[in-house]
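Every chain is named by a letter (A, B, C and D) in the order it is written, and numbering of its residues begins at 1.
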Amino acid sequence: MDQIILQILNGLDKGSAYALIALGLTLIFGTLGVVNFAHGALFMIGAFCAVTLSRILSLSHVVLDETKKDFLGKPLKVEVPYANDWFGPELGGAIIDWAVPLSILFAIPVMILIGVIMERGLIKHFYKRPHADQILVTFGLAIVLQEIIKYYFGANQIPTPAPEAFVGSFDFGALIGLDSGKVIYPYWRILYFCFAMLLIGLVFAFLQFTTFGMVVRAGMADRETVGMLGINIDRRFTIMFGIAAAVAGLAGVMYTPINPPNYHMGMDFLVISFVVVVVGGMGSLPGAVLAGLLLGILESFASVREVIEFLPGINQVVIYLAAIVILLTRPRGLMGRKGVMED
Amino acid sequence: MFGLEKRDANLLIAVGALVLLAPIFLNPFPEGSALAQFNAGYPDLMQRFVIFGIFAIGFNILFGLTGYLSFGHAAFLGAGSYAGVWMLKLLTINVIPAIVISTLVAGVFALIIGFISLRRSGIYFSILTLAFAQMSFALAASVLTPITGGETGLQTALDDPRILDAANESRNIPAPSLFGLHMNDSAQLAVGDWLWTFNVGYYVAGIVMLAAFYVAIRIFRSPFGMMLRAIKSNQQRLNYTGLNTRPYMLACFVISGMYAGLAGGLMVSMDPLAGAERMQWTASGEVVLMTILGGVGTLIGPVLGAGLIKYFENIFSKINDNLLHQWFSFLPQGLEDFVVTIIHPFIGKGWHLTLGLMFMAVIIFLPGGLVELGQRASKLFKKRNPPQTGGQKEPAE
Amino acid sequence: MGILEIKDVGKRFGGLQALCDVNLSVAENTCHAIIGPNGAGKSTLLNCLIGKLMPDSGSVMFDGKSVLGRSPYEINQLGISRVFQTPEIFGDLSVLENMMIPIFATRDGSFSMDAMSNVMSQKDIAEAADKMLSEMNMLDKRNMQAASLSRGDKRRLEIGMCLSQNPRLLLLDEPTAGMARADTNNTIDLLNEIKQERDITIAIIEHDMHVVFSLADRITVLAQGTPLVEDVPEKIKGHPKVKEAYLGETH
Amino acid sequence: MVTTNLTRRGVIQTGAAAGAGLALPTILTAGSHAGFTNAPTGSTVTLGFNVPQTGAYADEGADELRAYELAVEHLNGGGDGGMLSTFSSKSLNGTGILGKKVEYVTGDTQTKPDAARASARSMIEKDGAIMITGGSSSGVAVAVQSLCQEAGIIFMAGLTHSNDTTGKDKKANGFRHFFNSYMSGAALAPILASNYGTDRKAYHLTADYNWGYTTEEAVRTSTEAMGWETVAAVKTPLAQTDFSSYIAPVLGSGADVLVLNHYGGNMVNSLTSAVQFGLRAAEANGKNFEIVVPLYSRLMAKGAGKNVAGIFGSTNWHWSLENVAGSKYAGSNAFVQSFGTKYGFPPSQAAHTVYCQTLLYADAVQRAGSFNPCAVAEALEGFEFDGLGNGPTVYRAADHQCIKDVLVVKGKENPENDFDLLEIVDVTPAEAVTYDPAIFGGDLGSCNPGA
């Protein structure tokens, strides 16, 4: 029982990352009709926003410590962050410690800007081109973006820990009335799930309750009609692209304490997030969220030892199998509208 | 000639001449000169040019003619490679069974995957093929290790049975050969400072590539090829014309898969190792890049694209700062450093960046790839001639 | 007994009864038009005829064989050719190739793995295609890319492609929709020529009264999913029920 | 057709001589070279450094490349000579190898067997490399080793830890200085026993590929031999990034030790997850829960950050070795000094092993008096040396594996900087990690000089 709860938690956690990426992907597809292979790269750039901010916050100057020796036998160079000088070691340390949550504020404008630039500078010119061209040009862009990140940050993973307060785990089982000590779950992963749900909720609320969102939804349903009403749908779509980029970016920011980021983390998620979008139904926002969570849970359960022993290798292929089964039996996906990219 | 129209025959002859003389013109710079770094006329790379040429030609038969974008084509290359190595291990070190069987195995594999994937089209087809290829890769690298050699790859060994061969007297693993001609044997010709290498394996692969190219031309010009182009153009009309598109697509997919398998079989014949990452989706992406870079739906484009990407991968990636400093040493020190700093991110380990930028540029500005570039250039030359009547149909080159 | 017999066909989408007990018979070698205001169920009926939709009830027989549940290529092989609202041709291919494909299909059936011969070396096909093109007055355009043709020429090509298969029934779905007046008249003339020169049955679904009255031998008026009247054009013109159905519509 | 194997450098000389002035074409025959592939005939000799420059191990490859450049500098008499001065064999004298100046070419393995073989072939066929060295994974090492065997080139393996490299896939032309899975297991077991006791229940997470299998087997065998019990061993996909599903069941399984048979990104992510799930702080079976990482590298420690603190593992070498364990490990400081002065930070174990391999190769050529791979192999087989930082070492003839002491390290609690992440716990002597070369099967074959 507790193993099942644990794997459901794992699945929700994994799935919320899939859902956030897929949400943006399907938003872009639904509004702009563009298949964006660079979306994984946006997730990765978001993660590196956190790395960048934590680097900025811990910018240091070197102080020589004569009492200690470095590896060459010279006085040890100790790096003292400016933050410590300015705010004192306590507050300065706390600021550096909270770099990841602070990065949310930093990442939102950066990601929106990147998204808008991407849309205006490149994607815009591909609305009328075939899907294959869109896939290919954004695939090229993804390569370029990740190579740029690699050039500046190296290929190795960069540890970007959560604030002290969120490190470690707590007894989730006791919280829901199980025996204590059975279901231990990390704070940050729970936080990640809650954050993802909040973000998804915000996006839905935005689309549901604002006029802006209403127009965008109408545009998703029938672009031409909305265009004929004299509403400048293009500008709104540009903004939607920025928002999608920001959602992916925030997913990346918050993911950094879970797994230290590196330059190809976006590619690792890209294929899966496409599968999520397709399973959920192209252009369906609730579908993306549902499929993300479901596939996360499915993947988690396929990774359980007993399952692997019964079906070796199932953990590696379960997502793809799910995609194949869904595509063959229900091509519009779980919640896709009939007729949207359906054969 | 050979049942081809004059233009196609000329193209075939030109490609044949290119393949024959590649060892010479790929080494345009004398040995030891600063630019010798850009020479590409060594056996491994030349073999790769033609083998990936075959792969790309085959991919183009599918993507170029029907517009179905398979993102899992590397799976067939991998399946062919494994089959090929197993033939080299079990049957004989002679490459013929390896090449034939790898083509057939890939064909069967393509038949199965195609039968399922072709129930959908568009991006769904792409995702289905991607899913199958990723599954093949994941399984080949792990659970199927006894068959595939896992992450290390499958290779020949001293104690392989090789039932058709005489017992191996030497304590060395025999090299793949064609009736005694070793694939890694070469003859070299030196003229002045120039050095040209003529490699057995390269010419074997080259001849197979010419045959594959010839077959591709025939397919492009055949009624079958016309139906495939019709599928790309308007599948609905084709259906209402009384043609069943499904068997056409499946046949095309299998042919295309067999080309990939043939390439895989040749690869292991030149270098008897099959690694699982050959099946990864990025490897499938590579053949897409090749085809697009060269020119989708054109005959010669994929071959050019394959050559360009392999050239980048093998030549550009080996340029390091040391070399850059040598080349720009004629500049004043400060300027030299500056130039090297500017170029540095794009060469050596940054070759992926250059590739990505180049690829984007091609998609944005040259959707027809290198072939379109060539056509535009030749149009520029022909400007003085009276313009042709508008709307003239230019059949796929 | 007509060549096309539609019996008691009904189709319901959710709460909407799109077709209700449609009975219709198209006699051989006539031109039969089906007209009706928007939402009368014309497209639904058409989709039932060509295998795209499966009616809930009833039967559709062509020359004694049911067409229901057959895929488009099988329906074509029964002898039904279809002309679409917007011309469906192979835009990327040359006009000649466009014309050759249906001729190949007629000769070789639904699938032929002829991957090694040259298209152009098949003289019989090329000749037949050229003959058809000259009938359509398009021989001078044979090497053009089909997508670069004018709207009227595209329609002409499409009809030519259909005729090249010698169909027994030509199904036309608003063949002049969106056309300029001159192109419309050309198309009408072409269809009249075809009617006179060939033994062919034509079923036409149309909105435009001008086209219908210039072509049809017999007209069925469809309203709210049911045939209202069926008669010769002269009788339809002044029919009160038809006027009622079209009330408010200006044509 | 006249067929010869490739002998690029030899050819230039002959070709140039025959074609001088007249530019007459010269067809080269089998007699025009010295009987082995790429025999150097000019005043230089070219080595091929095949390291990952793109992909996840690019940073490790960059560190290897730095060490190679340093080794070349030292061989040619530049710099401070590094470990040349401490090396027990004194045949190298700073004038290159056999009087020929050492030059090098580089290739990118991309950490893929296919790509690694392509770049190795290009260095052999195009650049005339006489020896290939490098790599940072066993798959690549095994693939390139067999290529070199076929081509008639010596292969000096870089970072490769799988038993297979000198076990079932060993080749007469291939040599490995780095230690292996078996030695890791053997070295770790006694130290784990003394720190965590002999009554432990271990849970293995194993990367699902060849290296993972051999490492799991080695650690299992040696820990079970001293009384540990293996509760479960679960294979994790190589491409896995989120290990939560594999980590979460560990606490409930009755195990009290988690062994992560992971390397590189796998290890960084699995360890990070394990620490997140509170395994470090947990108690099981009345004991503190412990985590073990059989193979450590500095880049992994860097990637995992604070999470490595207190976690045991093994390494081939560490820059502080001579300071901690004394002058038995002479050479370490010399190397650190020379590397640190040039690059500003201490070398990694990958850098150390490839530096050693380059020197060992050069020395063997020098002693053999020939670049002929068979002569070099003979000079390396059974070669006993000291002063390269690992203490007395022998290049075992039976499987071309170096037998030397193995370091057991643990993550530092309070590292002073990015390079000070590990501390040496103990050094297991060579005798304790020696094994019978026959146990892994395989066959060296006979040495192949190429032509």
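Going forward, a contact is a pair of C-beta atoms (placed from the backbone, for glycine too) under 8 Å apart; a residue touches a chain by one contact, two chains touch by 3 or more.
The structure presented is a predicted model; accordingly, all values stated were derived computationally and were not measured.
Chemist: Apart from subunit B, which chains are still tied to one another through touching, counting links that pass through other chains?
Modeler: Groups left after taking subunit B out of consideration (others unmoved): A, D | C.
Chemist: Is the C-beta contact count larger for A-D or for B-D?
Modeler: Looking at contacts between chains, B-D has the larger number.
Chemist: Mean of the CA atoms for each chain, then the mean for all of them together: which chain is nearest?
Modeler: If one averages C-alpha positions chain by chain, the most central is B.
Chemist: Rounded to the nearest whole Å, what is the centre-to-centre distance of subunit C and subunit D, using the mean of the C-alpha atoms as each centre?
Modeler: Spacing between the chain centres: roughly 74 Å.
Chemist: Calculate how many whole Å lie between the centre of subunit A and the centre of subunit D, each centre taken as the average of the chain's C-alpha atoms.
Modeler: Taking the mean C-alpha position of each chain, the two centres sit 36 Å apart.
Chemist: How big is the gap, in whole Å, between where the Cα atoms of subunit B centre and where those of subunit D centre?
Modeler: For subunit B versus subunit D, the centre distance works out to 33 Å.
Chemist: Averaging over Cα atoms per chain, report the distance between subunit B and subunit C in Å.
Modeler: So the centroids are 46 Å from each other.
Chemist: Two or more other chains in contact with one residue: find those residues in subunit A.
Modeler: In subunit A, residues 312, 316 touch at least two other chains, as defined above.
Chemist: Would you please write down the residue numbers of subunit C that are in contact with two or more other chains?
Modeler: Nothing qualifies.
Chemist: Could you list the positions in subunit D whose residues touch two or more of the other chains?
Modeler: Within subunit D, residues 54, 58, 208, 235, 237, 239 contact more than one other chain.
Chemist: Considering every pair of chains, which are in touch?
Modeler: A-B, A-D, B-C, B-D
Chemist: Applying the document's contact rule, which stretches of subunit A touch subunit B when the two form their complex?
Modeler: That would be residues 35, 122, 125, 129-133, 135-137, 139-144, 147-148, 151, 267, 271, 274-275, 278, 282, 312-313, 316-317, 320-321, 323-324, 327-328, 331, 341, 343 of subunit A.
Chemist: Where on subunit B does subunit C make contact in their complex?
Modeler: 3-5, 218-219, 221-227, 229-230, 232-234, 236-245, 247-248, 251, 255, 390-393, 395
Chemist: Note which residues of subunit B are touching subunit D in the complex, please.
Modeler: 31-32, 39, 42-45, 48, 138, 141-143, 145, 150-153, 155, 158-159, 170-173, 175, 181-182, 184-193, 195, 197-198, 200, 271, 273, 275, 277-278, 313-314, 317-318, 320, 348-349, 351-352
Chemist: So in the complex, which bits of subunit C are touching subunit B?
Modeler: Residue list for subunit C touching subunit B: 50, 71-73, 75-77, 81-82, 84, 88-94, 97, 100-102, 104-106, 108-122, 143-145, 148, 161, 165.
Chemist: Which residues of subunit B touch subunit A in their complex?
Modeler: 63, 67, 69, 116, 119-124, 126-128, 130-132, 134-135, 138-139, 142-144, 281-282, 285, 288-289, 292, 345, 350, 352-353, 355-357, 359-360, 363-364, 367
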